[in-house]
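Lettered A, B, C and D in written order, each chain numbered from 1.
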Amino acid sequence: MGATGYTGAETLRILLAHPEVDLAVVTSRTEQGRRVADFFPWLRGHTDLCYSAPDDPALARCDVVFFATPNGTAMEQAPALVRAGVRVIDLSADFRLADAAEWARWYGREHACPDLLPEAVYGLPEQNRGRIRAARIVANPGCYPTAVILALLPLLAEGADVAGDFIADAKSGVSGAGRKVEAGYLFSEVTDSFRAYAVSGHRHQPEIRQALGRAAGGPVELTFVPHLVPMVRGIHATVYARLHDDGRDLQALYERYYGEEPFVDVLPPGSHPETRSVRGTNFCRVALHRPAPHRLVVLSVIDNLVKGAAGQAVQNMNIMFGLDETLGLTASALAP
Amino acid sequence: MGATGYTGAETLRILLAHPEVDLAVVTSRTEQGRRVADFFPWLRGHTDLCYSAPDDPALARCDVVFFATPNGTAMEQAPALVRAGVRVIDLSADFRLADAAEWARWYGREHACPDLLPEAVYGLPEQNRGRIRAARIVANPGCYPTAVILALLPLLAEGADVAGDFIADAKSGVSGAGRKVEAGYLFSEVTDSFRAYAVSGHRHQPEIRQALGRAAGGPVELTFVPHLVPMVRGIHATVYARLHDDGRDLQALYERYYGEEPFVDVLPPGSHPETRSVRGTNFCRVALHRPAPHRLVVLSVIDNLVKGAAGQAVQNMNIMFGLDETLGLTASALAP
Amino acid sequence: MGATGYTGAETLRILLAHPEVDLAVVTSRTEQGRRVADFFPWLRGHTDLCYSAPDDPALARCDVVFFATPNGTAMEQAPALVRAGVRVIDLSADFRLADAAEWARWYGREHACPDLLPEAVYGLPEQNRGRIRAARIVANPGCYPTAVILALLPLLAEGADVAGDFIADAKSGVSGAGRKVEAGYLFSEVTDSFRAYAVSGHRHQPEIRQALGRAAGGPVELTFVPHLVPMVRGIHATVYARLHDDGRDLQALYERYYGEEPFVDVLPPGSHPETRSVRGTNFCRVALHRPAPHRLVVLSVIDNLVKGAAGQAVQNMNIMFGLDETLGLTASALAP
Amino acid sequence: MGATGYTGAETLRILLAHPEVDLAVVTSRTEQGRRVADFFPWLRGHTDLCYSAPDDPALARCDVVFFATPNGTAMEQAPALVRAGVRVIDLSADFRLADAAEWARWYGREHACPDLLPEAVYGLPEQNRGRIRAARIVANPGCYPTAVILALLPLLAEGADVAGDFIADAKSGVSGAGRKVEAGYLFSEVTDSFRAYAVSGHRHQPEIRQALGRAAGGPVELTFVPHLVPMVRGIHATVYARLHDDGRDLQALYERYYGEEPFVDVLPPGSHPETRSVRGTNFCRVALHRPAPHRLVVLSVIDNLVKGAAGQAVQNMNIMFGLDETLGLTASALAP
């Protein structure tokens, strides 16, 4: 549903190469009837599908439907599909916050199906793999939340002795803004420059706090500042924690915690991951630094369109349908 | 052989994901003993191989050896391998020119094995598929030549009525210079700028003329001007031909000529291919324009590291070993 | 008039630092009342002006008015100003083509004041300095035309023995498209990619042909192909001429022809000018190559927003008002 | 002294346009005898000077000598110049740390003239204007320190009630690494990617702590993490402070503190400065955010080569010689 943005395009790219997927329907409100490969010329030779209408009845015959629609659409259309027995993976924000009131506060309207919120599962496999398996609705995490939560999950889940609030200074490539046609995202406005945005409040902040709070077993304080980097793909989160220095070996803790995870790579001590090292892949690479005894700095990189969106959605699909979790997601990064 | 440059890295990336390849040895003169994934961090999780010495005896037990070495190395080392029954695909320039004297003129030294030049096959499948199948030595084409030759091949092979010399105004991403550590390729020297280089003579000019001459059945005049684009991957060749207007439908001619080619995509009339539409892929996309009756402009784009190097090498390998020609090369472009 | 695009912003930047200019009025249809420095934050501290309406009566009291409006506006508003004794420099295309019918063909509507076309002077000082001095209306040249014409002017004006049509393969930074909010100019669509556009016909082609024809004293054939480079500023024209080799020293001819020009720099033989070497300046740098006896290649670079627009407009103003032609235009390039 | 790097080139650019400067000597160890405009082609037409030797006796006849040399050179050569009555502005790090032992620890060798350290003045006009006026040796601040210190100076100098350590998450364009020819700074390695570096310790950290400590009147704790942005110029510092919420209006405090400063621009509440808004200028733009009552986030942007190096050096020169402090530094930003 809604495959004319970057998240939709990326979902198509991955699904078209997935050995167990038969892509049946691609919808678009604005491009109905047009060949997908005319809209995204880089898909020429990979699909002959045309966009169909958002109410295409063929959707109800699918095993799973991905929503890559703007916020507010999935909550309108998912309920009927779920009732028809179709499982839903929503890449928008509609099912990410458990609290309908908080959702309304951040997204500026009432939630259309608050009754479904309790059963929607936050689709971060590293935190919720078991519940994803059985979910009817998976709320695919935001890109920033994926990078930040994976940077802190072991620390909180293992009960490290945190002595203050967290700071997540996050930097994103421009594709994170989607294919929105606004002056602020024009090439000549963005390139060769750098800036922060939404410092006073960003919708991903409550999403991150919710996941970290669940891991910590209680509320977590967090300052979250996003920045725009003149590059296409990639998020780099620099996460600061203040710890009581209890002598624990956090490097070992992280390596152990993520030891079996197929898509989280804990780098050796002293490392500085580059976003390009995960470009086009579903990997998150994490590195720990301890510049002062009480100070932990975690560096975390993902591709915002893959592990931060389409790739994680397919990882969730693999889990939901009992497939090998890495199926269709094993390509190495495209670098340089 | 020699997998510390971009061409080598790209060959590794493709071979590691190729279902019929078992990568046995990766050599480097300078990085012997080091883990490949330490040198190219984006390959972490995809290989545990370490670089071995260029004279590793295991090479002689391989079915095929790829040379991604600087010019001048393959001509020294290939002969022994060929004698040992190993087939060779050389991504450097050592076997591209049939005439040893011309090679010496452009590359500034004597050729080390002129006796092998006659049997080396120029590895452009669209021109020489049959001979590649049986070749012991394949000279993998240069990046510019691939883009330019594919732009003109149908025209010359089908005997169009050309009325003058050709002009190939070609633009390449910076990865075309390899991983050479020179001031001129520093980020701050290259980005947000554009320039031509080697206007008075570039080594790819005789290579292009040789292939075009074979297609035309006689000598071909060509002005070739390369430019440096502030991007990583991609070549865009704008090729100008002056024709006697004989009324032939060149669009149809090109579509027919390339109709069965798995990696050449003739775009609809009026198209302007973008280099990113082939980023990371083995595709060449071609578009024809006729701004005046006597004037043909052909636009041709490839990824210089894939169809212009590593991907074409693997395509050649597939042909040489009787595999499906597209094996390991079916990924769609990474865009945006 | 119309200072919310890049051309307008650049005109402001130069005029605000010009020692003989008192900037009286800045208009905008859409931003009336807003502080200019709020719209362009990089001008904070340099002006307190607010945008006023396009019909601000203060305009009629100015010595000169610059139009940086979309095509079609100046031809509506300039006549009244000219009648009021205000001199006009039009950075749009309204007065560039002498033939109203040809203008209508390329710009898709009738010209609003064809009677004024005969007196409008094409504002390329290197060609028309004398007439600019006395002009009431100066048609400031397009960016591509400036780069291409300066590449060929000495050749044609000095009667070189040309043996065929010209090819201008031109490459422009993205600011050449202005501040147009279209999907095709989004950062993620443009960066790390390269493409041609309008190969079948671009409005700057007749403008170039007109100027070259005047220099040659007769019609000139030209194929013009523009390309989009992932950079902000800069045009690089690679211009191909076929000559009868009459033994003339063209390097000397160019150096002599441009010897007194303050803004055209003929580089030493063998040079390859970079666009960044003119970034932010009013310079055009030109280099000649002769890869074959009959073949001339001229490389020409300008900053499309300066010598290709705002800087040339100010150069014209200096000429029109008897000022030192370089006043306000002497800054060196901002590089790297 | 030493004008072959970016800092030197930028100092030349500014001095060549400075109305009160007569540029007498430009030295280079490696490029002696070569025309400066051949080395930096973008200076063609602006200077005919040739590089002379580092021991050129003409240096001793200058009023002031700028060192744009690698660390370790100025401390060897400055003492003799100072004894000869020449004032010195050192853009390298040799005189920035007051404590010779700390200098030795961070720069890996003994300081060559520890006796001169006490009189060297840290050249941040906003902090030390009075002492700069009379200084014989000015230690021009590092680029990161300039951005970070200016973000915190009013807070500390005015005794705000700070409740914890500071975090400076800083991002720099690639020109900050100078013109160092290393693989890590190649275009294809840097572009379209983002990474942190030196997280465990960077030489600018003690420099920042020293200045902040002086402002606060006591030691200050600071975590400093630099990052590399795929752009040429610009530093963006995101500085985090934890405050006891005492109700002070920090926006007003900053506006008052910097009210008379010609080069520090405190933006309106809610602003997000872009690095391009200061490109090529000596401005620092600062914005304050208060996402939570106890949390202050200060955004601070400079051009690392201007306010972070050459521009600040010229500002210091203007102060030292009783000139208008803004002379030669009034250009507005080059944007887009």
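Quick notes on this structure:
Note that contacts are C-beta pairs under 8 Å (C-beta built on N, C-alpha and C of every residue); 3 or more make two chains touch, one makes a residue touch a chain.
Just so you know, these numbers come straight off a predicted model, no measurement behind them.
Between the chain pairs A-B and A-D, more C-beta pairs are in contact across A-D.
Across the assembly, the mean Cα position most removed from that of chain C is the one of A. Note: centroid distance chain A to chain D, computed from Cα atoms, is 38 Å. The geometric centre of chain A is 37 Å away from that of chain B, both derived from CA atoms. For chain C, residues that reach two or more other chains under the stated contact definition are 6, 173, 175, 188-189, 191-192, 230-233, 273-274, 276, 279, 336. Those residues of chain C lying in contact with chain A across their complex are 6, 173-175, 179, 181-183, 185-192, 230-232.
On the side of chain C, the complex with chain D involves touching residues 6, 9, 13, 16-17, 40-46, 175, 191-192, 232-233, 265, 273-274, 276-280, 283, 285, 330-336. Considering their complex, residues 164-165, 167, 169, 171, 173, 188-189, 191-197, 199-201, 221, 223, 225, 227, 229-234, 236, 238, 240, 242, 270, 272-276, 279, 289-292, 295, 297, 299, 301, 336 of chain C touch chain B.
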